[in-house]
Every structure is written in structure tokens, then in C-alpha cells.
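Following this message is one structure expressed as C-alpha cells.
Letters A, B, C, D and E name the chains as they come in the text, with residue numbers starting at 1 for each one.
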């Protein structure tokens, strides 16, 4: 539950633009990496002090500033002032409960997306909030914690191969968005495997634990959809060219990311339908087991009740019961009992209860 | 039920613009507080008599008139006339059954929203209707009862820090809207906790009371959605700049409120899905318990019916029953009975019924 | 069922514009009342003969012609010719199976709405079709039967207070629409009470009769929605100013009616959701009662089967059964039986079956 | 099932425009009737040979060519060439699996609609495909089989009364569309009666046959919706004036047909909801019957198990059982048994099981 | 499950435009067939080496290049370079997990569709991805494996009859799209038959296997819808004339394909509704069978419990039981027992349990 709505209420009543970090503390210290590149060169450094502002280089080079760790509010405030980030944007960066969105602050294009990963130990999907501020010659990114994915991009920049080094900051932003959406496929694959495992268990052992797991997976799907649905709109608005910061040449690539987002949505919907179907199977197999139990009871009762009755009859103490005196009375009644039992069993076999 | 549709019908047949108070009486007397402020100064007073009209100051200062308590119809009528409120707007202010809405009365922008709070004792969500009339240099607000939230805003105005004192009446209106939407998060957190508690109970003790509680929570969600859905549209139309009373600089902040409203909607939808899932778990656990009951019955019957039958056989009074005369007949039959019982128990253990 | 689709088929195959009355006969004779008024004067009369046409007064006065009773086809035809009503409009007036709608016949604006009332004896919602033809200086209304609601409006006109006398025919039409929508609240209140009563019964005595009543209420909701949904669109199109016959000053009032129509829609949707929830409770309480029955059976069987078995053992006729000869054998076995019974009862108490 | 998708696949792989008849053979021979009329005159004939083409009259007269029977592909091809029908339109006329649609082939407006009728013997809805080609002065119609409905129109043309003779080919097309939609009401009335009968049966005898019938009716509703939904769009696009072939004066009449189509849609939706409700009642009454069976079992067991136990106790063979020697022992125990039985019955009566 | 989401994640982190084949290996070697034709002539050849580029003929002739087998990435890369295919389009061609889509790369119009076929042995629907690149005078197609459908088109081109040879590359593209959509009808027919078979089985033998099959068919429907839904939009955008590559004369034919796509969608929706209905029947028949089992148990218990009790009474050892000494006591009690049994049976017959 805590995952669905965090203690956001601690902000209630504060004036807008008040900086409060909402979310888990995932790193100890805020670290700021700076990368400058153009077709020719590539430079990388890490800011060591936040007291003086970093000066953006003049000229056509692209600057990528990657901020990792966002719970040190006062550091973020300094950075925001240095980089000229709008107070509302800064507030959104700190609040990790944002929906994916795109906002136009004049020169700056502000993007919030969710980077998902599957936490194998906890067996659940984890979301990290990534904020991007795109400017004509610069990209600012804010991550909650260090990750491999952005390091790979830095590596590709350093290697200098491919299109990435030659194009602008908007292409770099696209590259990061592409990575974010690609991660969704990995997460969906893992969830798909869990659904598969659950499908097998469903028929073998349909306990309440299985039902709980189905419901948990459904909840995960709800969360995924909550994050993917607005992301789809974000990418669509970027691709349609609503924002001047995105160049024509990059938009064709964004269309590709958009396609992937749609595919993720489709898969989520199909998983949801499958989980609903599994619920039906679960309820039906409960019913089937009840049926099986009832059959056992009915078979036992139907065989032994007439037999017990017969035994009861010859246990009566009437003076005049001629059968009791017959020499073959006892074996005869045993035979009759055996016959009744076999009759009943045949009947059940015909009804396919056995 | 009374919550869903109050005795609104007492208005039926009256000419439009007839002032009738619809809703609970929450305060005794109508009180009117006036706040005037601009970048330099701040003044606060309370109107003591409603016989003469309050005169709006000339000049760029912002005037905020906060009316608390709306069931004194004749007082509200006087105020309405003094302040030049449109009769239809006044009618809507008095009728606390309004949907959130925004209406354009020329100079005046008329807003109705719902302030929600969670009533801990009654364990249910309470709604108070807040009406706002926004003018170029003034804001009129109408509350059903005194509350802390608006007092905080007055405090912030008095303190004079931040953006609030420097900006116009539209920014003040935004600040109040922001508070209203922020309250929803608190209410949702409390509802989320109730859902969590219910989820725990569901498996431990799935009685009809639990079902009733699930249904009640579902009803609360319906009510919340009823209030949030139009609010979302209201804020969206303000933010899109449909009304000239809202300045460009304020609209960027409204976008933020809009994001929060969407987030509230998302959470409500997820809660609704979760409650539906809980219903499924509830029904399935009912089924499971029936299964458990049936198993006990079947086990008992399956063990004791054959045994009783055996006892019945040797209770028969046939003259020629050789077993009865065997010296070890009795222990032997007891042994057979024990064997049958153990056989059955083993069988059940194998079927995992025990 | 008859309520859902009346014998409309008798019209099949007839050329369009053929006048056929479809619906119940609610009055004996068609009566036509005429009201003329302006800011200064008010005149009222009733047409006695339909052979010569009524002459509309010249000048700015507003004329309201109210036709009550529509099953006398030939009279309606005469009136239609006199007043210059379009044949298709006249056909729609006679056919009481119309959906609420608005149509533009040049000078004439043709409106069909449903006036609802709750028939206490039959315990169901009744609909009367009201048709309005709005012209620059005149309003024609057609009712199925006499009612208090329109009489009240006439009274208000005669009294001459308020806005009604000073404004045009479009404001009169608005006043009637307002009355129609206000009636929906009364009907919804009564339905709400029925739902409340049903909710109480649901847990006390969930028989098939209760289920039937839930389904009937659901059907009523379907019918209400069928009438309200298009009405909402009708009022919306009037309010948006699509038709020149509605003046700007009246449109602001129509916005108010529109709000009410939306509120009615919302309430219907919430009622529908509540009725669905009640169905779930009903099915679950059926299940619970089955559970209770099964528990009684299982408790009885679990207590008496072992006891009967014990009695059976000592009813066996073996020669060598030492216990039978013990002096304390009988009390001992009774004690054992009592112990077994108490053991079982304790077990059930622990399982919370008792 | 065959109704849902006919052997359309035999067309797969053929070049477009290849003429293949898809559907049932409903008549033996193709017959072509020609009607020419204007305000003054009316002429009727039947084409006897298809070798030479029929020559359209010049001048303002309207020509209606009605083709009955469409499975003689070569005849249809000749006709198509004579009348200048576009190959794709001709292909659609022959394939009776078309959805209702409207298509603009320059001068020609091509319409496909479904004429429904209720087949009383088969107890199911039958659909006949009607194709219309509307030209400035001519209307071509293609029917699968002879019917009364179009004959009536011819009769009205011959009689020459009313608007029909004076107006153009578009009004004739409207008249035919009006008939088609009017037929839907008749079919819905019959289906409504079937639902009513089923509702009665549901409570009296809820067998699997009843469930099957509910499902069949649901399937019929799906089919109706499949045909009505696009028809609604077709009429709407005609009425909105998207096609120049429809004159302003006819469009006002099409609005009427559109209203009827909406009403049919509404009724179908309500029927669907009712059938869903019936399914709930069915499942609940199944449950109720199980409850009744279980109660009988429980009552019987609860009364006779204690009694049988008591009889078993006094059937034990202990030497020292003082009660056995009491002179009133036997009547006493019988009295005790009677008391236990009455006790149990009273208990059940209190629980309202009896 | 593997069908729903393939190991797409192996692409995660790679720069865009990196060529990776995703999908099954369906052929050994990539083969490239070239067809050149115009109204006069027809030429066909197969490329033997991919080292030098194929030169497009100049002039108005249409060139169709059909590439079969796409898993040889380096060959595809060479071809892509030769033919000037955009890197992103090439990437999409190789990734067989694409949704159907249309993309505009300046001169090139890039289309992805799914060719479905029913695999009789596996009893499931198989999808092959077909990519088309349409240019003013050329069409490039990429298939995963050799198929009959495209061979037929080549045959029709060679024969030179009909419209195909005379029209441009866009008409050729249309012809292929038409074939693709026509295949859906065949697949739906097969699925319809499977549903029919399942419907029969449902009542005869409603086991968990049947439920599983219903769920599998539902999953197939989900997949079909996933492929058809975007295809519909693709064809719609082609038909609406959004792309200059499609000529007016071809668009009229595309409208036809669009109609078919809609029809496929309709049928899928109806199948989905039918499968849901079958689930209801399945659950209800489970319930019915439980009912039948319970009735057997209740009948047996209700007959034999009273009889066993009676036998028990006369098995008691009271000294003074006058009935025991009656000469006709034994036959009398047997008669009473018979009477009780017959009474019970009559009662059950009346309740229609027998």
C-alpha cells in the first residue's frame, strides 16, 4: 500500500515552491557529473563543491549534467539556482511521487519519467524517478540513485562512435528515454515469467496464497499502467513536435520510442486479461475440489447407509424373525450386502463419479 | 444514503434565484473577515454589522473577503447585494450540493470546490463546500465552517514572506485551490490505511461485516470521484487560460495543482481496483471455508460409517454366526476396525485433506 | 417490459408525417389554454372550439399556448395547421416514445423532454412526454395530462413578481425545463429511499424477492438514464447558444439547469454502482447461509457418528466381550461418550463454528 | 455460429472486383422491376431480357430500378455494366456479409443496409442485405428476396398521394431507409416478448436450457448491435449533409430516421443489461436450490442422528443397565425420543428453515 | 507466454539503429526476387549475389523486390544500404515483434503488417511479419518465410490480366494488404469452428480441460485484436489520403480493405463475448453437477436414516417391549419401513428431484 501513496501529506499547507524531499533515501550524498562533448571532443568531470556555480561552456558543445541523489535539499536548491531551474520544476524533481509528464518552461523543457527495474529479492517492481531538463545546448538529468544504464550512455559518448556524439542535446535526451522504455520490456518479461509459474501452480494447488499472488500481480500491473500511460502521452507530444527544443531529425527516433511504449501498454493489457482469466480458473478449480469432496461423501454414504440399515434390521429383537433361524441366513445376508455394495459402485462408475 | 442526495427537492417549483440554504447547519452565525494587502502593507478586520456595505479600497491592493457560515440566508442576501454577486451565483453558494464548477459572470469568475477531511470518529470522509468569486483586485470566499487551512494562508499573508504578498488575487485563489487539492492526499492516505487494515482482516475473518466495509469504502470512492472528476476539469480550464482573470504567471502554478488532481484520480482508480480484488478474495475465502467444513464432514463420515456398519453386522441376531463364538472374535473385529480407520486416515493424508 | 418498448410497430410502413397517437390515453379531451403577458399585463383564456384558428396578438407580448391531452389526433392536426407546426414535429408530439431531443425548424425550436414522477401506489417511475415549440414571441407546450407544475408557473405569471413577466418566451421555456429537471431530484430521492430499505432487508432476509427488487431498481435506473442522458445534451446545446431563439440573458440560467442535469446523471451512476454492490452482498450472504447450514450438519454428524459407533460396538453379540460383564461398564461407556461429545464441542468452539 | 461468419474465405486470393456471390440462395431467378414517376405520371414495367441495356428516360422524372435476387452472378454483371455501377460496389452487392455502410462513388451514392425480420418458426432474427445506389434522378435497389415492404412503397407511388411522388430520388431512398429502421422495432418487440417469457421461466424452472436461451438471446443482441451501430453512422452522415446527392428538404426527414436508430440502439443496450441481470438471477436461484437441498439433508440428519444414537445406547448388551429392567423404560425412551425430535423441529422453525 | 513477449530485452542498452534479428529463424537463407512490369512487359529474376547493388530501371515500369528470410543480419544490412532504406526502418524489419504501423520516411512509405495463418497441428494461430516499403515506382517487401500468397500475386502479374499490371506500385501494395486481411477471415473461420466444438463439449463434459481451452481461445482473441486493431488504423490513414504515395484511384480500393478489417474486428469482439458467455455456462454447469451430487446424498440419507432409526428402536434390549412379542411384529415393522420409504420417494418425486 505504502507504494501506492507515500506520505505526501507532509507537504500540505506549505507555500508552493517549498522544497521538500518526498521518497526513500537511496544514496548518501548528491553527486554531480558533467560531460561536455561535440563531434570532435569529449570531456568528463565531477563537481566537488557546490559553493560556486559551474559555468556552461560557450559554443556549440553539448553539456550533460547528471545529478545522482536528490535527498539533500539544500544542495539541490543551490544547484537549481546555479542552473536556473524554475522553482516548481525543482519542487517536482524532489518529489518522487510525480506522474510522468512534460512541461514547457520557456527555454527549458522539463520531463519526468520512471525508470523501472525488477527487484529479484523482493520479487517486485521498483521505480526510480528520472527528471530531465532539456535546453538548446545542455541536458540536466536527476536520478535517485547511481545506475548502469546512464553509465553505458556515457561510455558510448566517450567511444564517440555512432550518431550520438554528432547530434544535439535533444538526441541525448531521446537516447535516455529509449533506455527507460527498453527497461520496461525487461520488467514485463520477468512479470510474464511469474505469471507463467503461477499458471502452472493454479491447477496443481489452488490455495489462497495463489489467489493472493494473482492479486499482487494485478496490483503491479495497475502501477505499471499508472506510469506507462502518461509516459506514452509525454513521448507522443514530443514526437508530434509540440516543443521547439526537439529537432525534426530527432523526432523520427522518438516515433520509435513511442511505438515501444504502445507495445508495453498492449502487453500490460494482455497480462491483465490473463490474470483475470486465471482468477476464473482459480474459482472454478475451488468449485471442482468441493465437488470432489462431496462425491467422496456421497459415495461412502450411499454404500454404507443401506448396508447399515440391513444390519440394523437383523439386529432387531423380534421373537418371530424366521430368517434368523435359517442355517444360511448369515452368509445370505452377507451376500446380499456385497451385492448392494457392488450395485452401488457400478452405478457410480456409470455416472463417471469413480 | 442521505450523503448521496440531500433534500434538494424542497427547492422544486421555486423560481430561479430564490435563496434557500441546502445542507447541514455547521456554524451558528455568519462571520465576515476582510484582509487587504499589497507588496507593502497588510490589514485585517472583521465586519461587525451587515447593514451598511463594505467599501472596497481603490488602488492596486488585493482584498480578500472570507465569509464563514452560509445558513443565514438574509445575511448572505445582503452581502451578495453589497458585493454585487450574481443572484444565480449566490443561489449556488447557498446550495451545498453543487458539483465543483467554474462559471464566468463577466468580471467575476465563480468557482465551487469541495474541501475534504477525514472525520476520525465517524470513520468517513466529510465534504465542505468552498465557493470563490475572483475579481481583478479581490477574492470573495464562502466557507461552511471555520477551518485551520485558510487561517494558515492569512498567517502567510501577514508574515509577508514568499511570493504570495507580491502577486494578485488570482494567485491567492490558486493558493486556496492548492490547499484544497493537498487535503485530498491526506484523505486518501487515511482511506489507504483503512484498505490495508481491511486486507489483513479479509483472510483472518471474512464475515459479512468485512464485506459491508469493503462496500462502504467503494461508496466513499464513488463520492470522492464525483467531487474530484469535475474539479480536475475546473482546474484544467483555468490552466488553459480560458478565463482572462487568471494571469499567465499564475497559470504555470495551476498546472501543478492540475497534476496533483490527476494523481488523486489515479489513486482513486487504483483503490477501486484493489477493492474489487478484495471482493474476489472475500468470495474465494468464503468458498474455501465451505470446503474446509465439507472436508471435516466427509472425513468423519468416511471413517465412522464403515465402522458402524461392521459393528452393526456383529450386532445381528442370526443363530449361526460362527465369528461370534470365536474366543478372539471381539479383539479381532476391534483390530479390523482400527485398521479400517488408519487406512482411511492415510488415504485422506495422501489427498492432502489433513 | 411493455414500458421499454411500446407497440410502436403499428406505425411501420406508413408514410412519414402520418399522425398516429402512440402511448396511453391519459385524459379524455384535448384542452388548450392560452396565456398572454408582458411587463404590464396578463390575460388568460381557454379555447372552446378548434374550428377557427386562434390569432396571435401583434406586438411584443409573449403568448403561451398550453395543450393538454394529445390522443385526439384530428384535433391536434387542426391545431398544428393553425399554429403552423411542421408535420414531422407534430408526428413526434403524438408519439410519446420519443427520446428527449431538440430540433431546429427554422423559426421554430422544437424540444421534447420527459417529466418524471414517482407513482407511490405502483411503486415505479412514470414518465410523461412534454413537447415545446419555442418562437420569438410565443411558446407552445403539449402535455399528456394536466399537472400542478405548469399551473404553478401560470400562477407566478399572474402574480407578476420576479423576472418571469419581464422576460421573453425563451425564459418561460427555461422555467419549464427547470421544473422538469427539478422533478428528477424528487424521483431520485424516492428511489434512494427504496434502495436504503432494500439494503436493510438484504442482510436480514436475502430471498429471491429481494434479488428481484434489486433487478427492478436497476431497470428503473436504465430507464432514467435513457431519458436523462439525451436531455443533458439537449440543454447543453441550448446553453452553448447553437440556436438563435435563446437569448444570451437566458443562457446563463440554462447553465444552471445543465448543472442539475449532470448532478442527476452522477447520482444515477452512483445508484447503479450501489445496486451492483448490493448484488455482491446478496450472493455472498446466500453463500454464508449455505455455510451456516453445512456447519450445523457437520457438527451434528461429527458428534453423533462416533457416539453411535461406540453404542454399536457394545451392541455386538460376541460371546467374549469382557467389558459387558464389568459392573461399571455401562456408566463408564456413558462417561466416555460424554467425554467424546465435549471434546468435539470444544474443538468446534476453537474453530469458531459455534 | 455459421450466422456469425460465413464461408467468406472462398474469396481469399482472388483479385479485387472479382464477382462472387456470398450468402444463401434465397430466390431462383433475378428479376428487375422498373418504376418511373414524377408529379404527373407513374409507369411500371419489368425487364424481361438482360441482353440489351435499359435506357434511362431523359427529363426530371425519377426512375427506380429494383433488382430482386442476386445470386445469378453473370446477370448482375450485365446489369452492373448497363447501369454503370462501379465494380467494387457490385462486388459488395453480391457479398451479403457487408456491414451497413455508405460510400461515395462520384455521382453515385452507394448504401448497404440490413433488413431484419423475425423468423417465427426458427425463433431467430433473419437479416436480408439491401443495397441502394442513389443518383440525381434514379435509385437502384438490390434485394436478396421479394418482400412486402418495398411493394407497399410502389403502391404508395402508384396511388400518388402524399409527398412521395412530388419529391426526388433521395426522398424515395429515405422512404426505404425509414421502412428498414421501422422493421427493427418489430423485431425488438418480438425479442422483448421472448425475454419476458424467459424471465417468468427463470424462477419457475432454472435449468441449463434456460441458461442456453439467455445466452442465445445475448448472441442475437450482439448481432443486432453489429448491424445497427454502423447503420446509425450511415444515417448520421447522410443527415449531416456530407453527400451532395441528399437535398436539404430530405435531410430533415433523415433526422427522424436517425432518432429511431438511436432509440433502437438504446433498447438493445437495455435488453443486454436485462439479460445480464437474468444471468445473475439464474445463478442465484441455482444457489438457492442447493441451499434448499442442503437444508433437507441437515434437517433429516439432525433429527435422526440423535434418535438413532439413543436407540443404539439401549441396544448395548451390558449386563448392568438398570433402565432396561424398568417397566416404563421403553415408553420413557420413546417419549424422550419424541421430545428430542420436537425440540429439533422447533429449533429449525426458529431459524426459518421450515 | 513466450508468444506474448519475446526476448526483446537483448536489445536494451544498444544504440538505436543497431541491427539485431528478433524472432524465430524460419528460413535458412535470405532470397531476393525481383519483378519488373508495366502495362506491356513483365520480367522476373532472382538476385544471386548481394555484393553489388541491384540497379533500379529508369522509366515508368514498376519494380517489386521481394525479400524472403530476414535473419541474416549482414545480408539485410547490405540490401538496406543498396536500396537506401532508413536505418530505423531496417531495424523494425528485423524485429518481428513490431505492431502493425505505417511510417512516412519522406519518399518511402514504410508499412508493417502481420500475416496470420492457422497452424492445424499446433492448433494455434501463427503470425508472420510482413514489411513493405512503397516508393513512387517500386515496392520492397520483406517476409519471414516463403508463402503461397505472394506467389499467386506474381502469377497474376505474369498472366497480365486485370487491373494489376496497368496500375502503379501503390496498387500492388494494396493487393498484398488485401491478401493479408483476407487471411484473417480464414483464421477466424477456424477459430469459430473450435468455439463451436467447445460449445458442444461444454454441456457434455465440463472439466477443467474445457475451461483451459476457453481461456486459451480468449488469449488467441487478445493476440488477434492486438494485431488487427492497429492494422485498422494503418489502412484508415492510407485510405484517408494522408500519404502522397497512395493515388486517388487506389484509395477507393483501400476503403474496401478497411471495411474488411472492421468486419474482422467485429467478429473478434463477438467471439470474445461468446467465450465469456461460455465461461458462465461452464460455471453454472459445475454448480448444477454439485447440485446433482447433493441430491443423491440427500435422497439416500432421507430414506435410510429413518429406516435405520426404526430398526435401532427394535434392536433395543428393554425387557418390556410388547411389540417384540407380537407374532406379526416383524412383518408389520417391515411394512412400516416400506411405507416410509415409498412416502419419501413420492415426496422427492413431487419436488422433482427424481
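Details
Heads up, the rule we're going with is that a residue touches a chain if its C-beta (ideal position, glycine included) is under 8 Å from a C-beta of that chain, and two chains touch if they have at least 3 such contacts.
All of these numbers come straight from a predicted model, not from anything done at the bench.
The minimum number of touch steps linking chain B to chain D comes to 2. Look at where the CA atoms of chain B average out and do the same for chain E: the two points lie 43 Å apart. Work out the mean CA point of chain B and of chain C, and you get 27 Å between them.
Each of residues 283, 287, 290, 294, 297, 301, 305, 308, 312, 315-317, 321 in chain D touches at least two other chains. Order of chains round the ring, from chain A towards chain B, by the touch criterion defined above: A, B, C, D, E.
By the touch rule above, chain A contacts chain E in their complex via residues 149, 152, 156, 162-164, 174-175, 178-179, 182-183, 185-186, 188-189, 192-193, 195-196, 199, 203, 252-253, 255-256, 259, 262-263, 266-267, 270-271, 273-274, 277, 280-281, 283-285, 287-288, 290-291, 294-295, 297-298, 301-302, 305-306, 308-309, 312-313, 315-321, 353. Across the complex, chain D is touched by residues 1, 4-5, 7-9, 11-13, 15-17, 86, 88, 91-92, 97-99, 101, 103, 105, 208, 211-212, 215, 218-219, 222-223, 226, 279, 282-283, 286-287, 289-290, 293-294, 296-297, 300-301, 304-305, 307-308, 311-312, 314-317, 321, 323-325, 327, 329-330, 333-334, 337 of chain C.
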